[in-house]
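Going by the order they are written in, the chains are A, B and C; count residues from 1 in each one.
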Amino acid sequence: MESTIIKSRNFNASFGTNHVVKNVNIDIPRNKVIAVMGPSGCGKTTYLRCINRLHELIPGATSSGEMTINDENIYQMHPIFVRLKIGMVFQRPNPFPNLSIYDNVIAGYKLNGIKVPKAERDRIVEYSLTRVALWNEVKDSLNKKGSFLSGGQQQRLCIARAVAMEPEVLLFDEPTSALDPISTSTVEELFHELKTNYTLIIVTHNMQQAARVSDKTAFFYLGELVEYDETKIMFTNPKDSRTQNYITGRFS
Amino acid sequence: MAQIETELQLLKAEVINMWTLVNGQLNKARLAFVNFDKDLAREVVLKEKRVNGYELKIDRDCENIFALFCPVAIDLRFLLAVLKINTNLERTGDIAEGIAKYVIEAEVPFSQQLLDVARILPMYEESVRMQEDTQEAFEKEDTILARGVFKKDEFLDEINRASHKVLERHIKEHPEDTAQALWILSTIRKLERVGDQAKNIAEEIIFYLEAKVLKHRNKFV
Amino acid sequence: MELRSVKYRIAKNYGFKALVMIFAFACVIPLLFILFFIVSKGITQINWHFLTRIPKPVGESGGGIANALVGSVLIVLMAVVIAIPIGILGGIYLSENKKGRLAYWSRLCTDVLQGVPSIVIGIVAYFWIVKPFGFSALSGSIALAIMMLPIVVRSTEETLKLLPSSLQEAGFALGMPFHRVIFKVIVPVGTSGILSGVMLAVARISGETAPLLFTALGNNYLSWNIFGTMHSLPKLIYDYSTSAYDEWKNLAWGASFVLLLWVLLLNLLTKLITRKWKVQL
């Protein structure tokens, strides 16, 4: 029996008068990888950014409906606490360019003014970098700036930075679309390992990626959640004809 | 139109061509058999090469589409069905060739009484109709027509089951027909397999259109 | 294409390139003239006495520009202290708010302020600060700070606007409140741009004379009191260069040289800082 960690009920989001997410009802199960796919402009990225309340930072952006984590309403919690429980990795790797690799990993603590003893800090950095398979590659150059790493390494550094905060959920916004194929597969391998400790929600443009890495897939179209099912079923026998048309490439 | 759609349509056309050829082979073998026409039989044997050629081409085309397009859902099921249909058609072609070879090697035409008793001609006609029905079901994506094939197969099974006893009795009464009777028995088995092939193909068609697997199950679903 | 027309276009290209280079060189010539003039006239004045003595009364030789030097340094320093917080915070506000009433009017006022003649600012400072409180170095600093503001605000705003929004988002996603995102993420990365804006503003006001005429006035003696009148290099140059006495004229040349050196050094420092602190995004 899998438990649900994030629930959405009648969730809507808009940019001013532009209604981009319409009445979404979805249950995200714990410790699984959920892929969210759909054509451009279907609302999937907006929905993702509503989960950790980044959406409301844009002027004119509004949302309504219910979104809960562990049955607590996300929109009644303080946004800071929400974002400490729900981490995010972005499309273009964005390590802080003025900080070293070490400082980047514990940036969530250091820049937030949370005091952590040195031994504990070292442990967090080593643990986080190990989880993203970066420790062996950078352990001798922790003081170098993060911007000297390759694209794939930078993205893994960003994942380590998010993991260091010990969140429950990790959100990924097209995490490999700016990476080359080898870095992409390295990051995809991580998803399988990370799900033992975290719940992963990944927005992706790449259907094969959704098929490869996820347990369940949600298909968004024109702002609506059209279909949400086990990935195996989605890709062998989807129920909705719009889903079928999308995944067979009948419209992009 | 997406590239994959074009490829799938071309593939479907190939399969239909192969099917038409195989059905033609079956019919010709039947006519050769009924009219004891050795020339027609030789034609069938010659054309068997083309059937094999089709099988190889269709296998290769499927492989290419898998590799290049990563098909999913209905496209994936269609390709899996085509692969199996391909094999079944090829076997049906083999059977038609086998029948034609018998006709070539036979020294005298078959005794009419023997043919009537074994009911081989109606069986033959029904099996050809089954193949034609499945071809139409494939072309028109008609699952009702595909399901109708299962019932027809019962008819073939019945004749097959009865043939053993019927021919045993005939051999006792007309020992001079033994060789022919044995040949007729073997042909009946072959035709029963043709019916089975058609049934398998119908199952594949229903799988690809409805994602329902009917193999190894009670047929009346 | 015809060969003749191609040749013509190539020739035209060369001609244009030559014209551009000539004009570029022409821009450098005035600076070279000034440098040459001032260096040749002023460098002979520089010695330890020059820098540490106040001007002597007419007739006596010796003397230096100590009071003016100290005065300029103090006044500029105070102006920087006043202008930096307001300017940088203002720039941060404008970079965060692209639309909105307050942002629009702030931007407009800043741009207008940049064009206000320095003497007008001086007069305004005279009426608002000197009249009630008397002449002082502080009032001079305030006037100079007002002149610095637009440069600091605009350069801060432009620097921060150039930073990718993903930087901010990374900060927010880590659970940082807004003020921490600004001061711990955005500003550190934009430091080199902000700093170079500040240095340019300082270089600009170092040589301003007009505002100081009505505010700090001038002082013949060495003074450290910011609430009283104070001398400054521009004021000294203004007074002595048109005087009839050669010793004073020489002091003016020396002071010009020092001022020029100061501005050149500031510009050089700006370049060095920008290169060293520039963050590779």
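The rule is short, and it goes like this: a residue touches a chain if its C-beta (ideal position, glycine included) is under 8 Å from a C-beta of that chain, and two chains touch if they have at least 3 such contacts.
None of the values given here were measured: they were computed from a predicted structure.
S.K.: Using C-alpha centres only, name the chain that sits farthest from chain B.
M.R.: When every chain centre is compared against chain B, the largest gap points to C.
S.K.: Based on mean C-alpha positions, which chain is nearest the centroid of every protein C-alpha shown?
M.R.: Centre-most chain by C-alpha means: A.
S.K.: Quick check: how many Å separate the C-alpha centres of chain A and chain C?
M.R.: Each chain's C-alpha centroid was found; their separation is 47 Å.
S.K.: State, to the nearest whole Å, the distance from the C-alpha centre of chain B to the C-alpha centre of chain C.
M.R.: So the centroids are 94 Å from each other.
S.K.: Centre to centre, by mean C-alpha position, how many angstrom separate chain A and chain B?
M.R.: Chain A and chain B have C-alpha centres separated by 53 Å.
S.K.: Mind pulling the chain C residues that touch 2 or more other chains?
M.R.: none
S.K.: In their complex, what parts of chain C are in touch with chain A?
M.R.: It comes out as residues 99, 164, 166-167, 169-177, 180, 184-185, 188-189, 191, 279-281.
S.K.: What part of chain B is in contact with chain A in the complex they form?
M.R.: 2, 4-5, 69-77, 211
S.K.: Sort out for me which residues of chain A touch chain C in the complex.
M.R.: 52, 54, 57, 59, 80-81, 83-84, 87-88, 90, 92, 94-98, 107-108, 111-113, 145, 147, 158, 161-162, 165
S.K.: Once bound in the complex, which stretches of chain A touch chain B?
M.R.: Going through chain A, the ones touching chain B are 207-208, 211, 235-238, 244, 247-250.
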